[in-house]
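Heads up, the next two complexes both have chain A, just with different partners, chain B and then chain C.
Right, the complex of A and B next:
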């Protein structure tokens, strides 16, 4: 297992390096007029040249990239070209907001999707049909539309929740809970419906397997078959779906954070990408890649723990 | 989660369009949810990039700086310039030296004293800090201290805009002890009505200010607490305003309807103009544009009033001139210079020898898709084909400068005469990338630059020239839709989408 983890971590580092190089080079192409963008449309050519020198844009690309890598390895991610704010600072204040939201949504999705999916697979009938219809509805309504509807009804009409985030240094845990509720609901609805659908299929597939028939013929109770055998075998499929949802959510959360004005990674990513603010974009990309690698690793470890077959292979 | 990539793409497009329309799209919002009347919460479209006063910008991007920095000269809501840190100012006879008398009773929030040395330090700093508005002091050669409360600002060439600039970014005065330090980038130190509450401030989320004790001018300090809540998203701004989280914010015609439904008050103000920039007037890349009759035909092709009604819900005024009402260059005579007259347009094309058709190429501009499709249709009606190319990206300023576009649809700020001239008319102007010029026009521009107090009136000649020569095809001036709740009274500020900070007061 340790060898397995080490191997996955090693390949993760390679991915991190490749993605950083690709992102850097792609941004380089669009960062040609960055100095002019920073200075605005009234800047003179001399001003632009001065700014380019200040930002090191007059250096060759490989020099700039390896300088960035060198700094990054020592923990220095640089500072925003537009605001001079250290990237590490930006990430430190924003990652907690986004991660709180994403993990709250994921935990709720995992619980709800598992309960609903298993219920649909075992009971079939109307429960099953409802889950199927729900999956189609959930897939067809984007999270941000749900978000806008929730705000209109629960924040503006009824005034139960704030319309936009009230999270600030002088606000307590209560503000976090109130500010996060609507965004988390907006994020999790189609995760639940989609996840339940996948878990349902996985459980049904297992229930139809020969070993279940054998277990039944030996007189083992349905409850034991379901919880001890079927769910274990169905777990990898469910975990994979959930991990994919979590990774997808890193994209979905961008719009949700904009709508709710949450000071998370979304607005930072959007602003930095729009401006080609290379140091910030690199920071955001590194964060995303690290999250993806860690999530995949955790899923693999969990799968191995739940299902011995995976460990052997 | 199939929506991830789509949502991200939508967000990127949104951000690019926000960046592109920054001139017109500033948004302050205020969130005061239940706070006392002495608290004001304003939403803004974005956080300031640096609190160094030399990095301040124009219009709505100037507002947050006014909370903490005083300017040498105060610009009243109607554009009149009044004393602030400067008590009086006067040009010499050649308009090459501005002598400025300063207040003697002002200190900065770090205890430093405001005097002639401090004013000089700020102007010197502004000139070398390479900020976005550095051009404001391009004509200033140096500053000399006459005595403790007097400076001479020496100019290499006369600049009728200088007094105005001293009410803007170039006039913001920071503590001489803090200028040039790293700290002032995140924590402003000025002599203004408010002081930043650093502990409650979070970058890109909210900036909090408290009233400064013993501020020298209580008339400009109307609140105990001032919060800027950063709300980049238009939907978020609308929701924050109607749910009472903010006291005031900038919306657009469509979201404005929702705000009006919630009994918010509108303070409309024309700040930008929209229309076509016919850039390649010498026909370097599109020979048809070299013919003034073709450019005039384009102007006659548009039913400006109907486009305004349909696209902007009537929020604005149709116009044929690019100069704004506050510049002094605006004239009634030019307002409807080009009537909607397709027959005349076709006639002009025929006279120009282009009756078989003209093709214009423009880039797609995010947020202006509707306008561009209407323009395309109306041009087609007179026999001009509009080819819409790829969308503008964040390299657009460099692309404009590199003559990549012969024609553009755009929204531009309407500034003071010399500002507008150096934005769209002179050979220095970004939006004159093909460097169109003529001796006649050069003489008119020179007259404005040397015109001192008459600059606005003299700029009418420049305005007239570019309208008659059809350098542009303006469609309308656009209303900026600034909304407040019942707790706040606000006076719109000329040439600003967002009022100056002094223009807010608690509703009685």
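Right, the complex of A and C next:
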């Protein structure tokens, strides 16, 4: 098991390295006149040249990349070109907001999708049809449009929830819950409808397996067969679905935070993108890839725990 | 939006069954006809056609240019000139919606085209030739799939500036794995089909095999996938523009949504129209994809519709049949008492055309304690279905279409019942009736140890403690000839051999001291030498426990070796039954004679094997 984890961790690090290199070269090759953009049209040629030297832009790209890697390994991701705030600092203040929302949404998705999906697989009938229709609706309406609808109706028209949030890391738990309820709902609806449908088909597939019939023949009750055996065997498929949803959600949350004006990664990413503040963009990409790698590793470990065959090999 | 991106790619990945015919046009025309018959598919196509036409004709229909601004008339309510009102810059919402549709749809087409251009050829090559190319592609796919779409698009935007086209090309590359995986698995599934081999042998080049045989298999799944991807592309492009990172000079639904959201306090309707257009388009794409899938997956829907019709018919004939059966039951009651008594049993499955296909028809037999009854027949003769109806473990779709089953004098299928009485059977299963399956490996849950799977039924059914059940499980394992019970007890199913797994299943079947064991081809999946051991084990156990056994098999050798009486089945009917000796010596029916001839003549009888040396068991 330890070798298994080490192997997955190793391949995760390779992915991190590859993605960081690709992103770095992509960002810096295509943006020609970075210093000019920062200083504006009024700046003289000397000022631009000085700025370029200051930012290290006069050195060859590979040298800059390895310098960046060296700094990154010590936790220094550079500083914003516009605000001069260290990128690592901006990430550290914003990641808690975003991750709180993402994990709250994921946990709720896992619970709701599993319950609804299992109910649809076992009961069939109207629950099943509702899940099918829900999946089509969920696929049809993009998550951020749901967010816009929610904020327009529940916050702006009815005033039940705040349309924009004012939370900071030291606001109380109550303020966080109040501010985050709508964004989390906007984040999770699509995940629940899509996840329920896929968990449904995974459960149906397991219910048709031979060992389920044998368990029945041994006098084991339907409830125990379902919750102890079938769900456990269907779980790897469910986990894969959930991990893919989480990857997608890292992008989706950017828009949701923008809609609800939450001080998470979203506004930082959007502002940096708009201004081509490349060190910040680099930092955002790195944070995303690290989260993805960690999540995939956790899913692999969970699958290993669920499936003794993987665990042994 | 992007949370659905990767899931959509994953969700669409399972390949629908490939159309069977080789003549592509025939397959396609029937699929198209089914598609047009499906109301949802028809509606989806109508919506998409309308939206495409409106967008294409925007320069003709739209009353204003997309960016024509009437500064004097901002955020106006709908009137005769601006039928949907104006936005904050005084631009006509209706015109912008039309032009926006043009750009939005074109960008989605571009994205799908890029994704197909990359994913299809690489998937074909990886699936057909496999090797290094496949390994490298798989690795790249796993990287691409672990990147959130929107974050990548933000990076591209930071690098290349706001261009719909560049971002859609990038997204096309990012989502190309969904076509790659689809194509690769479709190709892999047909690569080794006989007709592809035949084409290869007959000298067709790889290229024409791919073009002629393999491309026809992936065509339909790709259309389905494209519908999904176009929807995802529209969503993510709009999301990017909603963030204000789109090209402000161009009208798209996303830009309009962003503009509407800025004025949400003043004119919420500005939000409504682009959101509506988007949801309508994506929804139609999703429905179209589903409709094509349904059309391909044959007449599942038709079955549903016809079933209602059939139910009405069936009810009428059923009441007549019920009356007839009642009289039968009256005659049967109070006659001789058997452990199991099956009377005129019929089992059937409702078909697509509304009829019921009978797989068991008018079958009667009985079994007593201490007796082994063999049910013999070819595959498809209904012998397993008969066995499962005694256990009450028929598939959900099965119907009892006639007859009755009594266990120890009580009806588990009463005359006139459509279904097995699960209330009664759930109390009998495991405790008094048990089951030995055919395929040992697939009948153990791979996620639990063998010990757990032996102990739990005893705890549940007999109500004994876990410790006691463990002690009994050890004894059972050694009773069924397992040399090292402790090790097997702790092992997972994949850690033991097929023969051992079958012994474990037999131990499970006798663990709660049943009165009747139903063994469904218990040796078919095993090696010949292990078969003999397992048969001997069943016979020994039957003698020492005095249980009744129903042994389902296609092998007369097994019957001769083990059974007291035998029932021969063919096409769902019982053709002959009686004591084994009589049937073997003097088969009356032609079918039994043929079966016997094919089993015994010129072969070494199975009985010889029983005396062969035992396989050492761990």
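Criterion: the second predicted complex is superposed on the first by the 308 of 313 C-alpha atoms of A that agree within 3 Å, B and C clash if a C-alpha of one lies under 4 Å from a C-alpha of the other, contacts with A are read in each partner's own complex, and residues count from 1 in each chain.
Everything below uses one rule, namely that contacts are C-beta pairs under 8 Å (C-beta built on N, C-alpha and C of every residue); 3 or more make two chains touch, one makes a residue touch a chain.
Keep in mind that what you see is a predicted model, and the values were worked out from it rather than measured.
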| item | value |
| --- | --- |
| Which superposed partner A:261 touches (first chain B, second chain C, both, neither) | first |
| Partner chain in contact with A:213 - chain B first, chain C second, else both or neither | second |
| First (chain B), second (chain C), both or neither touched by A:61 | neither |
| Touched partner set for A:298, first chain B, second chain C, both or neither | neither |
| Partner chain(s) touched by A:6 [first = chain B, second = chain C, both, neither] | neither |
| Contacts of A:133 with chain B and chain C, given as first, second, both or neither | neither |
| Contacts of A:308 with chain B and chain C, given as first, second, both or neither | second |
| Partner chain in contact with A:90 - chain B first, chain C second, else both or neither | first |
| Partner chain(s) touched by A:49 [first = chain B, second = chain C, both, neither] | neither |
| Touching both chain C and chain B, counted on chain A across the two superposed complexes | 30, 139, 142-144, 148, 151-152, 156, 190-191, 194, 244-245, 247-252, 254-255, 258-259, 269-270, 273-274, 276 |
| In the complex with chain B, residue positions of chain A that touch it | 30, 32-33, 36-44, 47, 50-51, 54, 82-85, 89-90, 93, 139, 142-144, 148, 151-152, 155-156, 159, 162-170, 190-191, 194, 244-245, 247-252, 254-255, 258-261, 263, 266-271, 273-276 |
| Residue ranges of chain B touching chain A (in the complex, touch as defined) | 1-8, 10-12, 14-16, 18-19, 31, 33, 46-47, 49-50, 57, 130-135, 138, 185-186, 199-206, 229-233, 235-236, 239-240, 242-243, 245, 262, 393-399, 401, 422-423, 428, 430-431 |
| Contacting residues of chain A [partner chain C, same complex] | 15, 18-19, 23, 26-27, 29-31, 136-145, 148-149, 151-152, 156-157, 187, 190-191, 194-195, 197-198, 209-211, 213-221, 224, 229, 232-233, 240-241, 244-245, 247-252, 254-255, 258-259, 269-270, 272-274, 276-278, 281, 284-285, 288-289, 292-293, 296, 306-309, 312 |
| Of chain C, residues touching chain A in the complex | 1-11, 142-143, 145-151, 153-160, 228, 231, 235-236, 238-239, 242-245, 257, 261, 264-265, 268, 271, 275, 278-279, 282-283, 286-287, 290, 391, 393, 426, 429-431, 433-435, 437, 439, 442-448, 456-457, 460-461, 492, 494-495, 505, 508, 512 |
